[in-house]
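Two complexes follow with chain A in common, the first pairing it with chain B and the second with chain C.
Take a look at the complex of A and B:
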């Protein structure tokens, strides 16, 4: 074992892990605002990756336009989730279970919609974050350029979210609503608005994660189901489902553990280990590990 | 003209009535206390006015002449009714300053910081804990913050639900003193819900006594303070 290997795995673990963190963030935003878990959370990642592929590779739009368009559509999709799924279910007296079943079906629906329109085979992701052969060499370590794009985008996004939640009145109202919806209303906070915002933020961050993961997983059905989605849940669970910062830290930790388990044990068990972490956290620390908030349910 | 006029207000939880055709009114600039034992419906009354619970069909709550029954809670708050909820309920993870900022959504932008500054002058303790999460404050400080939130909201009617609950006597008298000061200085209308008559009588212009969901006694403080009911309920055990 050389330091070089350790450094290599650390950096790639942090890069991949931060995208798991974004997926976990999607879970946290929704849980905070409506106390529901969206089982189609990960679908937003697949949708934005395919949208980006369509706009950039098939239609030939520029990178920036394609990125903004795909993420924008996924944000609107969040509103759709609220008004076409959540509100009708709630109006008819449905609770958490109904929402889980509905979103689980939506997850399956999107996978099939993608198969119908794009086929089941993975599409190559355009080399917008550098080609697969582009490496940055540093102190004897070679790292794919895409990792640095991931760092960059995640850093910008986190700075934006931090600004939104901590410095703007809208963000403060959003946090107030998350902590006590009823009293937030007594303060005159428009909860319709904050709920919509939470849905949109939830799908948007996952959508951005989808575009970042596409160079690694390709534009494929893998982005819309199973293991990546569960890694996002693991990150969210480590944050007790309520701490946005905790979700990102949890995701990064998960990415690092995953990479080192590949290094020390075998890549065969990579996914198993993240599931084990999820189960272990749920059993031993069901209120989360990285939770800095005072309000716990 | 009455600021708030309530007619035939009825609320029930799963078919069990909590308020039975309650009618009363509050005039502008008045301090009105609603007294009553636990379970009399005092908190339900405030929650009904704020739109947090559903009222029965025939209920009417007129605020400045407009019926507000069925409006969403945040819209009622925006009309100028502030509600300091039972048990304080500050936002624990928001700092003291942020709690006040969220409550000042309705105040025009240029007056917000002035309003918040005024709360800090009224409650010095809060000033030194500005950036601390509200969840780390003591019970008394949380109550001050909860009242402070109502003050920055620019509301005309302030409803306070049992401000004495769970607090030490010295803090309670401090809070009531401040409430009196606020009412005198700032032309506000106060609806106070309280179990403790000794605290609320000196502050009030008029009293309503609520028992099992009905108003059983009403009048000015002078009229009711010698009544048997008030004596029995509040001073008998002295």
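Take a look at the complex of A and C:
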């Protein structure tokens, strides 16, 4: 095996892993903001991809308008999640477990809604981030152009989430609400506003991810119920659900493990190996392995 | 008031008499769910044939009445709708379901009702020689035939001596892999490496690098459409220049739409190609386009042929009795359709036609038509 092949496999692993990390960021954000796990997190990616496809490819709107409309609708969907799911459950004495189960059902619901309106076959994403055969080549290694957009957005979102949660009053309010709603309220935090903001921002982050991932995952049900949701969640778990940088590194590690399992062991057992390692991580380091930038405070 | 009631009763009586006179046929296909695009083609192909037959006086002087049921690409829903068609609506014949897994689940109902079931699903697992159901018939070439032709073309024409295989994890892909192994083996050729890409995976770098290092000189693609698109894109990315020949999922718009330019040059074994210059195909394509405003795609032609087969069988049997129809379909019927000469073989397949075609960026150019 040539060195450049190993390098290519590594770069491809990093690239696909960054897509897991991108989804993991949404999980981390919601946990940091309201200490809830939304199993319908990945649905926001699917919804924004289908909305963008509808506005851009089917109606013929421009890129910018299609993007803003899609992400805007997904942000409002976040608000809907709060008022139609989270609040009624909380009001009736339900907690985290009930919310998890409800969002799991929502995830299945969205998959079926998409099947009814769009059918099950994947649709091609318009070449707004380059054609299928547009690659960047360097040192014997190549990558589709779209991955460079993903790297850029991952870097921006990581820094944004870190800055928002740690350096701004809004972020502090979000975390205070997550830790103790009543005390936060007594301290003058507008809990109503911060909770809405948490839901809207978490679906927005994943919604942006959906549009970026669609050239790779296609406009497909895969974006709303496939393995990327589980892998994104795994990336967040490796970050202890609190560290945005850790979620991205966790995703990348998962991508690299997958690719090298295929290259040196077997493509058939690729997922078996990856998930065995993840289970081992959970057993031995249940609080995550990539938790550097933030501490539970 | 009395005259209004009388008129209503008269209309109802007329409608009842008309529906008693019609030959009721069921079409069970997916219109929602994963295979919904196929349902659209299936319905349009079958409806076109029904309208053509009815416009020329129907069969034995009666009109064909096609009732459409949605299987939602789900075996349990297929079971419910087929049961309803057979035992409640008491149809003369059932067309579909079109998914192999659904056919395996429901074909015994047709046997129980003694009603012919004509399907476009392609798995070899329900050949007559395996399930022994005298009421089950297939309207397309099965996958065993297609993979055998694919291997023949790969070896005899493309000159592939060190084939590498990329395959999926479903029954459709694994059954095709078994046939490919058998056919290459029969020609004394060893598959240098077979790598799996599971449904939903979006990176095949590891698999393709392994194939490259195994020294493959041609790629045999036995996956579904999205994975086929991932594989060809990455072959272009990695600049691996080998002939690519794929199974039926590699020869449909669902693949070329997703793969874009990367699909140029790919060979595929297809069940139907609208560019065929054969008169029956040209006529079917022209009628279909004029009726529906779009080009037909596989399996529209199979269900179009199927309706004509049933009409002919009813004429020969001079009856709509299920057992008589099954007997005629099995042993007495031979007719020329869009898919060439249609005649029931020992597997209860009416055709073994397939095309080897190459994608040129716009459409599929037929290289060879095989029977």
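Keep in mind that, in the parts below, the second predicted complex is superposed on the first by the 265 of 297 C-alpha atoms of A that agree within 3 Å, B and C clash if a C-alpha of one lies under 4 Å from a C-alpha of the other, contacts with A are read in each partner's own complex, and residues count from 1 in each chain.
Just so it is clear, a residue touches a chain if its C-beta (ideal position, glycine included) is under 8 Å from a C-beta of that chain, and two chains touch if they have at least 3 such contacts.
Because the structure is predicted, anything quoted here is derived from the model rather than measured.
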Pick one for A:124: touches chain B only (first), chain C only (second), both, or neither. second
Give one of first, second, both or neither to describe whether A:173 is in contact with chain B, with chain C, with both, or with none. first
Which of chain B and chain C A:182 touches, first, second, both or neither: first
With both complexes superposed on chain A, which partner does A:35 reach: first (chain B), second (chain C), both or neither? neither
Touch test for A:190: chain B only (first), chain C only (second), both, or neither? first
One more residue to check, A:216. First (chain B), second (chain C), both or neither? second
Of the two partners chain B and chain C, more of chain A gets touched by chain C
Tell me which partner A:98 touches in the superposition: chain B (first), chain C (second), both or neither. neither
Complex contacts: residues of chain A adjacent to chain B: 169, 172-173, 175-176, 179-180, 182-192, 293-295
For the complex, which residues does chain C have touching chain A? 32-37, 73, 195-198, 200-203, 205-207, 209-210, 212-213, 225-226, 229, 233, 236-239, 254, 257-262
In the complex, the residues of chain A that touch chain C are 1, 5, 8-9, 12-13, 15-16, 19, 115-116, 119-124, 127, 131-133, 135, 142-144, 216-218, 220, 222, 226-228, 255, 258-263, 267-268, 270-271
The chain B residues in contact with chain A across the complex are 50-52, 72-74, 77-78, 82-83, 85, 89, 91-94, 98-99, 101-103, 105-106, 133, 135-136, 149, 153
